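Both of the next two complexes hold chain A, though its partner changes from chain B to chain C.
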Partner chain A sequence: MAQQNIKVALIGNPNTGKTSVFNQLTGLRQQVGNYPGITVEKKIGVCKLSENTNATILDLPGTYSLNASSIDENVVIELLMNKNDDNFPEVIVVVSEVENLKRNLLLFTQIKDLELPTILVINMSDRMQLKGIELNIPLLEKELKTSIALISSRKNIGIEKIKELILNYKNLSTEPCLNASSIDKEYFDKLRKAFPNQLLYKLWLVITQDVNFLNLERNEIKNSFTKSHADLKRLQQKETIKRYQFINDTLKVGQTIDVSKATDIRAKLDRILTHRIFGYLIFFVILFGIFQSIFEWSKYPMEFIDSSFASLASFAKIHLPAGEFTNLISEGIIPGVGGILIFIPQIVFLFLFISVLEESGYMSRVVFLMDKIMRRFGLSGKSVVPLISGTACAIPAIMGARNIENWKERLITILVTPFITCSARLPVYAIIIALIIPNEKLFGFMSLQGLTLMSLYLLGFGVALISAFILNKTLKIKTKSYFVVEMPSYKIPMFKNVSINVIEKTKAFVFGAGKIILALSVVLWFLGSHGPGEDFKNAQKIIEENVYSSKIPVNPSVIPDRVSEYKLEHSYIGIIGKSIEPVIKPLGYDWKIGIAVVSSFAAREVFVGTLATIYSVGSHSDEEDTIKNRMAAEVHADGSKIFNFPTGISLLLFYAFAMQCVSTLAIVKKETNSWKWPIIQLVFMSGFAYLVAFIAYQVLK
Partner chain B sequence: MNIQEILTYLALALAIVFLYRKFFGKKKSKKIVAMMVVGVVNQFFCKFEK
Partner chain C sequence: MGQKGTIIDFDIDEIPMKLLEMGCLPGNCVSLIQIAPLGCPLYFNVNDSHVAIRLETAKKINVVIETQD
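Our next item is the complex of A and B:
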């Protein structure tokens, strides 16, 4: 029998556990992409419903209603109104949750008006007892004209019921649960007569979308039926009131809340976690714990990966047939790829902690807590979310700023987010900190290296705030703003959600950066192992002549090292590096570091991979050697270490501030619709980074 | 020119094409692909003649 496929759209308010439901239904059979032309994340997964029926589930961005006020929300409406869209659903699953059912049902009633088969999922049933909530499901099903699945995605209860309802979606009623057109009978009758073949609510959405998004081309309907903005807004308000009246009446009989039975500790916890002194103190202690753990816990797996790649390179060199391609593998590809894979443990731990904080509901408290501080710097509490997600990557963080309705606050958030320490900076920080900061403990428990890492994160955050303050004073854009944040209940993080998030983020880091690093390793190895002119070709002869004609006796065993060094200096990469040396020398960098800095303009994490490749080419040894050891062993002509304290600090500061990410510049251009802002960002951030690194090196040396 | 050299030049050509496509977009990459092919073939014959 042929395999059947049902297209399902998963819709719901933010914080209803929609993603948990999606994860439970699809497991790891997920694909993450973007909607065409825009950068809103699109998640599609497959769920097996029966022997011969699958469901393709589309996880749509969280939305509070069909009156979209952001681009994310608009994606939902555009999809539901376009029957020709490839992803147009056959059935809609609206996810709500027991504690905020009243608010969640607003979206549900709007979707029901589109006359599509709709299932209502009420999530977090495990919290009903805690909150003293009881639901009369048969009555709610009757009033809302739908089938309801009462579930707990956290405890994996009721997931089979959702599958069963999707499988039998043809039995669902498509009748709306209320008559919203009664808010202005005359207007809607006129509309109905003019477009008798069109669904009335769809027409209404088309008209009101124009009100919210101004630029949409809805020509025909717009020309004949658009009232003034004020009138339409008034009608929208009337519609919302009408819907809430219906929801109130329904819940009055379908839901009972007995506060005396509630055993929740949320209020007590909130009082402490959002306290004006303890709140910040707790947040700081949590951050401190995270950075300590990142360094301490990832030490051993990192050492293992580093030595494994060193062994692999040495194994390849010895056992593969000698020749150019073997050299490429053992000196270019393996050290280059190893230079990025070594940071997987730190990335995993960072995202593990961030996911746990998000899943537990603590992050929303942080947003609330930080709003007061953010306002002083011209940002909103909502800017905290992009700023925190900036620790992963500035690109989704900048896209996340779309939630900020106020254009000035949004622009400032976009411009300062790249200062936040992203996961691409982590490899650079980690290796330099390990080289210049001793692995010692302060007061017996505080790792100095962990403390330095935390200081760099705080530095990034501090500079972002100061820049925001300056931008707020200089940008002449007049806007009004408000701040509304939803505080979800505290939950024990779900292992499945946390692990899927960690796997996705790590995969994006490894495969996104890994492919570029692999390709760059090949190019860099080639440029480092080939060179123009006679100096490169006759390196062996020149060094031998120098050694034997020297009056100072030289140990012949150093000749191979000197030849490698000489060849590297006269290779293509050596020539490029030497030509930029005058610019970077005042910062304390030699030409090899210069090459790594220049190549990492594409992406910061390339820095370590580049150095790993350059030092690997510059060494003649077949012995196993780790990236860290190679970097630690690099010396100037006078025998002093290249990666000393002043150079290390200068590099750390340079990477903390420099705008070294082509993809971020591209996304800023897309989000601001102008080259002006990414160019300002590039010039200001890189210039500032150069200046700070210069001052730091000159003072410390 | 031995097999190791051919593989090396092939890897280099692939790496350059990949990076070009990554940073300059797929549309503009036809020209660079053609140039790379010419380069590799040219390199191959130069070495082969020697």
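Our next item is the complex of A and C:
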């Protein structure tokens, strides 16, 4: 028999465990992508229902209702309105949870109005006893005109029931729960007459929402049926009240809550975690712990990756037949791949902590604690999450700013987030600090190198806050101060959810940023090992002639080194580097660093890889050294070290402030919908970086 | 803190739709759970939803406070 496939859409409020249900249904058979043209994450997974039937499950972004207030929520509505969409579901699964059933059902009744087969999943059944909740499922099924699966994704109970219901979706009722159009009979009757072929609720959504639906008709509908904004909102309020009336009536008979049985750990935890002193103390201890462990724990795998790739490169060079192709592998590709993989440990740790904090419900308490403080800088309590995620990567951080309701606060968050020290800066910092700061302990226990790194983090954070403050004073945007945060109940994070999240984020980084880094390192290798003109081709002859004709006796053993250096200087990359040298010289950089800085504008992490590629092209020996040792050995013509203290500090400051990440600029463009903001970021941040690095070098020199 | 009340009405233009969806509607019960250390935001239980809003939004909502006995 032919394989059958059922298209399913998973919809639910945030914090209902929708993603765990998705993970339980599909396991690791998931694909993460983006919706075309926007950066909303699109997750699709496959679930085997029976011998010859599969379900393709689409995990839609969490939404409180079909009244969209963000792009994420728009995705949900647009999909459900468009029958021609490839992902248009044959059956909808609405995920709710026992503790917030009342609120979750609001979305359910709206979905039912779309007259599609709909299954209701009630999650977290394991908490019912704890909360003294009892549900009369058959009665609820009858009232809500649906089939219900009472499950616990945490305990893996009831997942089979969902599969069974999906398999038999044709038996589901497509009748709405209530007649919402009675809120303004006259208005809706007129609407029905004008568009007899359209579903009334869809028309209503088109009128109240800013969504795309049958573009041609949209204007027509809007023009003839428009009401003032306030009138519409009043109607929406009436609609919401009506829905809640229905829900309350239903739950009155279908749900009993024995408050005396409920043990409330939430209140106790809230009292401590949002306490005026302990709350902040706990938050800073957690933050400190996160950073401490990121650096301490990831040090070892990072050193291991660094040295393994160095030996792999030399292995390739020795054992593969000599030639262009081997050089490409050992000098271009292997150091390039190593330059990507070295980030994995830190990214894994950071996302691990962030997803544990989010899953547990603690993040909302941080938002609550920090809102007032952040507002002084023109930010929102919700900016804390992007600012913390910014220490991993600005891209997910800027996307995370989406749930900030106030446009001005959101814009400022987007603009200042790139100042936060992201993990791409880390290898640059790490290698330069190791070169210029002595490995000594202050007072016997504080490592000087560690302190330097910490001050760079604080510096980034401080500059982010100061620029936010300035932006807040200068930007003339009038917005209403909307701020609504749900405080979810505390939960122990589920291993499966956290690990899938970490794997996905890491994969996205490796394949997203990785492509750029790898491509650049191959291009750089080519530019570094090829050159125009006679100087490059005849390097060997020129150096030999120079050495033998020189009056001072020279040891012939330095010839190979001199040749490779001469070649590099006259390669394409050398020519580019030399031409920008006048600009970067006042900052204390030579042309090799210049190349690395320029290529860093694609992505900062390219810096170390670029230097690695340049130096491995420039070294003749078969012995592959670690990048750090090679950098330490670099000297000026007069024999003084290139990576000395003033140059090092100047580089650190430049990387702390410069806007060097094409992907971030692209994301800012998408999120702000204009080129204005990314260009402002690029010019101001990089100009500021140049100025600070210039002053630092000139003073320290 | 710990005060309870019932929502009477509010200035609809000043209240985000999301708050209505959470159940912040006339006739529903509301209780104050926690005030953030600097006096804002406020953390409420409204219609069994736990939600934090800023002081200026909260000021737009009229509530009759139950007298404690």
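Simple rule for what comes next: the second predicted complex is superposed on the first by the 609 of 701 C-alpha atoms of A that agree within 3 Å, B and C clash if a C-alpha of one lies under 4 Å from a C-alpha of the other, contacts with A are read in each partner's own complex, and residues count from 1 in each chain.
Please note the rule applied: contacts are C-beta pairs under 8 Å (C-beta built on N, C-alpha and C of every residue); 3 or more make two chains touch, one makes a residue touch a chain.
In this text the structure is predicted, and so the values were computed from the model without any measurement.
Peer 1: Does chain B (first) or chain C (second) touch A:492, or do both, or does neither?
Peer 2: A:492 contacts neither chain B nor chain C.
Peer 1: Which partner, chain B or chain C, is in contact with more residues of chain A?
Peer 2: C
Peer 1: Based on the superposed arrangement, let me know which partner A:637 touches: chain B (first), chain C (second), both, or neither?
Peer 2: In the superposed model, A:637 contacts neither chain B nor chain C.
Peer 1: So which positions on chain A get touched by both chain B and chain C?
Peer 2: none
Peer 1: Using the touch rule from the top, collect the residues of chain C that touch chain A in their complex.
Peer 2: The contact residues of chain C facing chain A are 12-14, 16-23, 25-26, 33-34, 36-41, 43, 47-54, 56-57.
Peer 1: Per the contact definition, I'd like the list of chain A residues that touch chain B in the complex.
Peer 2: Against chain B, chain A makes touches at 321, 323-326, 328, 515-516, 518-520, 522-523, 526, 602, 662.
Peer 1: For the complex, which residues does chain A have touching chain C?
Peer 2: Touching chain C: residues 64-65, 67, 69, 99-100, 102-103, 106, 230, 233-234, 236-237, 240-241, 244, 267, 270-271, 274-276, 279-280, 364, 367-369, 371-373, 381, 405, 480-489 of chain A.
Peer 1: Which residues of chain B touch chain A in the complex?
Peer 2: Residues in contact with chain A: 2-5, 7-8, 11-12, 14-16, 18-19, 22-23.
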